[in-house]
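I have a structure here, written as structure tokens, and I will follow up with some questions on it.
Labels run A, B and C following the written order; every chain starts at residue 1.
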Amino acid sequence: MWRFAGRRALAAVLVLFAISVMVFLIFFATPGADPAARIAGRNASQETLAQVRASFGFDKPMYMQYGLMMRHLFIDRDLTSFVNRGSQVIPQITQAIPVTLSLVIGAAVIWMVLGIIMGVAATAGRGTAVDPIIMVFGVIGVSLPVYWLGEVVNLITQSRLHDSWFAWVPPLGYAPLSDGVGTWALHLVLPWMTLAVLYAGIYARVLRSEMVGAMNEDYVRMARAKGIGEGRVLIRHALRTSLIVIVSLFGLDFGALIGGAALLTEVVFGLQGVGKLTYDSLQNFDLPVILGCVLYAAFFVVVANFIVDLAYAWLDPRVRHV
Amino acid sequence: MNTSKTDISSTPATQYAGPWRTAWRDVRRNKVAVGSLVVLFIIIAACLAAPWYADHVMHLDAFSSNINGTYLVNGVPKPVLETSTSGLGLGVNPIGPTWDPANFFLGADNQGRDVMSRLLYGGRNSLMIGFVSAVICCVLAGLVGVVAGYFGGGLDAVLSRGLDVLWAFPVYLLAICLSVVLINATLDIGPITLTSGSIILPILIIGVIYVPYVARPIRGQTMSLREREFVQASVGAGATDARLLRREILPNVLPTLIVFLPLMTAINMLTESALSFLSIGVQPPDASWGTVINDGVGLLYTRPMVAIAPGVMLAITAVALNLFGDGIRDALDPKARLRGAV
Amino acid sequence: MSEPLLEVRNLRVSFRTRTGTVTAVDGISFTVDPGEVVGLVGESGSGKSVSMLTVLRLIDNPNCVIEGEVLFKGNDLLTMSDADLRSIRGREIAMIFQDPMTALTPVYTAGWHISEQIRAHEKVSKKAANDRAIQLLTSVGIPNAESRVNSYPHEFSGGMRQRVVIAMALSCNPSLLIADEPTTALDVTIQAQILELLRDLQSEFGASIVLITHDMGVVSQMANRVMVMYGGRLVEAGSRLDVMREPAHPYTWGLMGSIPPTDGTRAVRLAAIPGAPISPSDSDRDRCLFAPRCTFATDSCRPQPGLIEHRPGHSDACIIPFSERAQRRTEALAPMRART
């Protein structure tokens, strides 16, 4: 198990390195644009340009440039935005993290509970109307554009029905946990549900197909032959083996969302999370911030991948010795 | 062998029609899949009719601004952008839906353009981008997956690590990075020059970012096919790599790719619309469902139909594609394990 | 004679499919007495597995139609409530399946599987259940049971895994054990070990066993009584000695011909039954189903002759007069062998 974890950790570090190189190349080695001009912003003076060129070493060979960039980002931690002069990238990201974490963790709880209930209920209801009805909801969840759903939710709760049913909905934006758990949750409950719809749909569909597969396995027939109740067969045997797939999926999705894939939900609900930060820096063409955010994102995805591999080994005894 | 000729035909052998025709028959029997296909055809036909609708029903160009335009109410022309009645009464609001097909059916946007025409034109782009990028994605993924899975060794290691790196990006962020860098640049790729804002760009970006989703299962499938008896038998009979790939591997991988196609089309359409919503997908004056939603966000509380209509179209199309894809999967490849069932 | 443990009366199992109804089991009746080992023999698709799965209502295909009665200790299992049936499954009637590779849930240890079954039927502590699991694993011949009880299925070899399955089946002292091809998926040497284990356990625990197999050799080692199935019907039933020494039905002759002779000359090839097995979807069921493959088939094989007891405890379903059977059998086997 330890050797397994060690090998996986090494692979994760390698992937991170490769990603940082790739991001660097996307931004600094694509043809047709001067990277110094990009970092300095749109209307920078010649002096600023020269200054940027010197400080990032754009006159030096590519690998030196890469090294300098990484040094500014990770070692000196003083990479500064050139749109908001003087504001550093790292603190901006660390400020955005709690917002994104609040959004994603809450949504994850909702979608896991909902997805598993839907998947199990659909499997248990095979051959009745329950299964297709749940699955149609799943397909609709998968097919709704998240940002559009968010806008429609806003339309209803902030405007159309705000004076009647949804008077309790606070204005868009984030309230930190220090304002009290109730306020925090109240601000986040609609974003949570919006984000959870898509993933609940995906998880319900995957879980159902995995469980239906498991229900046809010999071990389920064996479990029934042992005289175990149908509920226990469903949960302890079919669900337990299907969870392996769900957990690995969850790790990847969770990592991606923490890493900024919740961008659309954050933009629509005005939450200043990592995704929104990326989006804003994108609008301003603030390359240092974009670079920082993307690398931060990649870091979380890779870490999530690593945890998934370990969870896999924990859930599925068969892979432990690989 | 000892089996004599006596009468094996006592049970009349059912005519086997071949895997493709059998699968097609299964799809045709599947009411949900057929229904989805009909819905898709209706949407595609309507979107293809966009120029006809704009020219002959609406009589208004869908792409140029129409700020001073008028429409008829009981024979009397009224401005398309009416003075706002709320707030200070300073701004203008486009008219809402008239539910008259020849007369701003779904209302106008803030440039006075007909929303219905733009919805149909936008559908053309959304469908086209979704489908073409799905084809690109499946072809690339098929290539990478089969090559990596078949040849193995160092080639597989390089390709797989490449997929890992691509996979480690949240897809939206990768698409955004590529779009930000490329969308306003003019690119020279050999004989093709992509001008800034070209629609080809989102197609290529979206096609590429989902390659790992499809390539990984294809690679796994190829690896297990390679160990199967019938492939080993061919190897034993001295078949070349080219023949093995063409005759044994490809026919068995193809159904998986075809199963992916409608599902990837749905995902890609949603991705395109998200990128366009963030103004880094389809560039104005071109329209797609995403750009129309983006136009509508500014009008959300006054004229919500501008944003709602394209979202509904997008959702209906995606549902139909997903259900059709499920039907194809059930018919073609009952054991397919699709990542994320997306 | 005491009351039979299991009595199957006119059991019929069919499946509705797109192309029509498929009959898997076509009205079979038989009994299993306490403590006896019954071999149920037939080739693939003869309905032997389906009929025994039906006994425990383990077919969950919604298109499956079951008719008839399955009386266990006098109670009909087919009409019993789910809760009552559950208390019989695993405790009174246990099953062993063909492939030990897939019969155990891969994420749980051997001990977990056995404890689960014990605790489903008896109120015992986890500790006590685990101790019993260790005992059971020892009694089925698994070395180091104290540590192996914590091993996962994939850590056992095929034969050892089948032993785990057998230990699990015996954990509640069932009065009937249904073994569905318990040795088919195993190596030949392991097969012999498992059969020996089953035989030992049978004499130790005293359970009745229904042994489903396509292998006459397995039956000859294990069974007191043999039933032969073809096309969903019983074609011959009798004591092992009767059926092995004087097989009555032409189909059984074919089956017997496919065992390598252990005495006499080895000059001949093994005989095979000509033709392909009848398809369960065959609609023409109003005749002897073996007739298309039978050398002696005549018009009078229609309608299907019923099982006729031609001497005490030995019955078969064939119109050939019993006195002519021995001679016909020689006739039947001669050309088969000559042809090779």
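Here, a residue touches a chain if its C-beta (ideal position, glycine included) is under 8 Å from a C-beta of that chain, and two chains touch if they have at least 3 such contacts.
All figures in this text were calculated on a predicted structure; none of them were measured in a lab.
S.K.: Highest contact-pair count belongs to which two chains?
M.R.: Result of the pairwise contact count: A-B comes out on top.
S.K.: Give the label of the chain whose average Cα location is farthest from that of subunit B.
M.R.: The chain farthest from subunit B, judged by C-alpha centres, is C.
S.K.: Provide the C-alpha centroid distance between subunit B and subunit C, rounded to the nearest whole angstrom.
M.R.: Taking the average C-alpha coordinate of subunit B and of subunit C, the gap between them is 53 Å.
S.K.: Distance between subunit A and subunit B based on Cα centroids, please, to the nearest Å.
M.R.: Result: the chain centres lie 23 Å from each other.
S.K.: Report the residues of subunit B in contact with subunit A in the complex, numbered from low to high.
M.R.: Per the touch definition, subunit B meets subunit A at residues 161, 164-165, 168-173, 176-178, 180-182, 185-188, 266, 270, 273-274, 277-278, 280, 293, 297, 300-301, 304, 307-308, 311, 314-315, 318-319, 321-323, 326, 337, 339-342.
S.K.: Under the definition above, what is the set of subunit C residues touching subunit A in their complex?
M.R.: 56, 58, 60, 62, 82, 86-91, 94-95, 97, 99, 102-107, 116-117, 120-121, 152, 154, 165, 168
S.K.: Of all residues in subunit A, which touch subunit B in the complex?
M.R.: 14-16, 18-19, 22-23, 26-27, 30-33, 139-140, 142-149, 151-152, 154-155, 158-160, 202, 205-206, 209, 249, 256-257, 259-261, 263-264, 267, 278-279, 282, 285, 290, 293-294, 297-298, 301-302, 305
S.K.: Considering the complex alone, what residue numbers of subunit A touch subunit C?
M.R.: Counting only subunit A, the residues touching subunit C are 127, 215, 217-219, 221-230, 236-237, 240-241, 244, 315-318.
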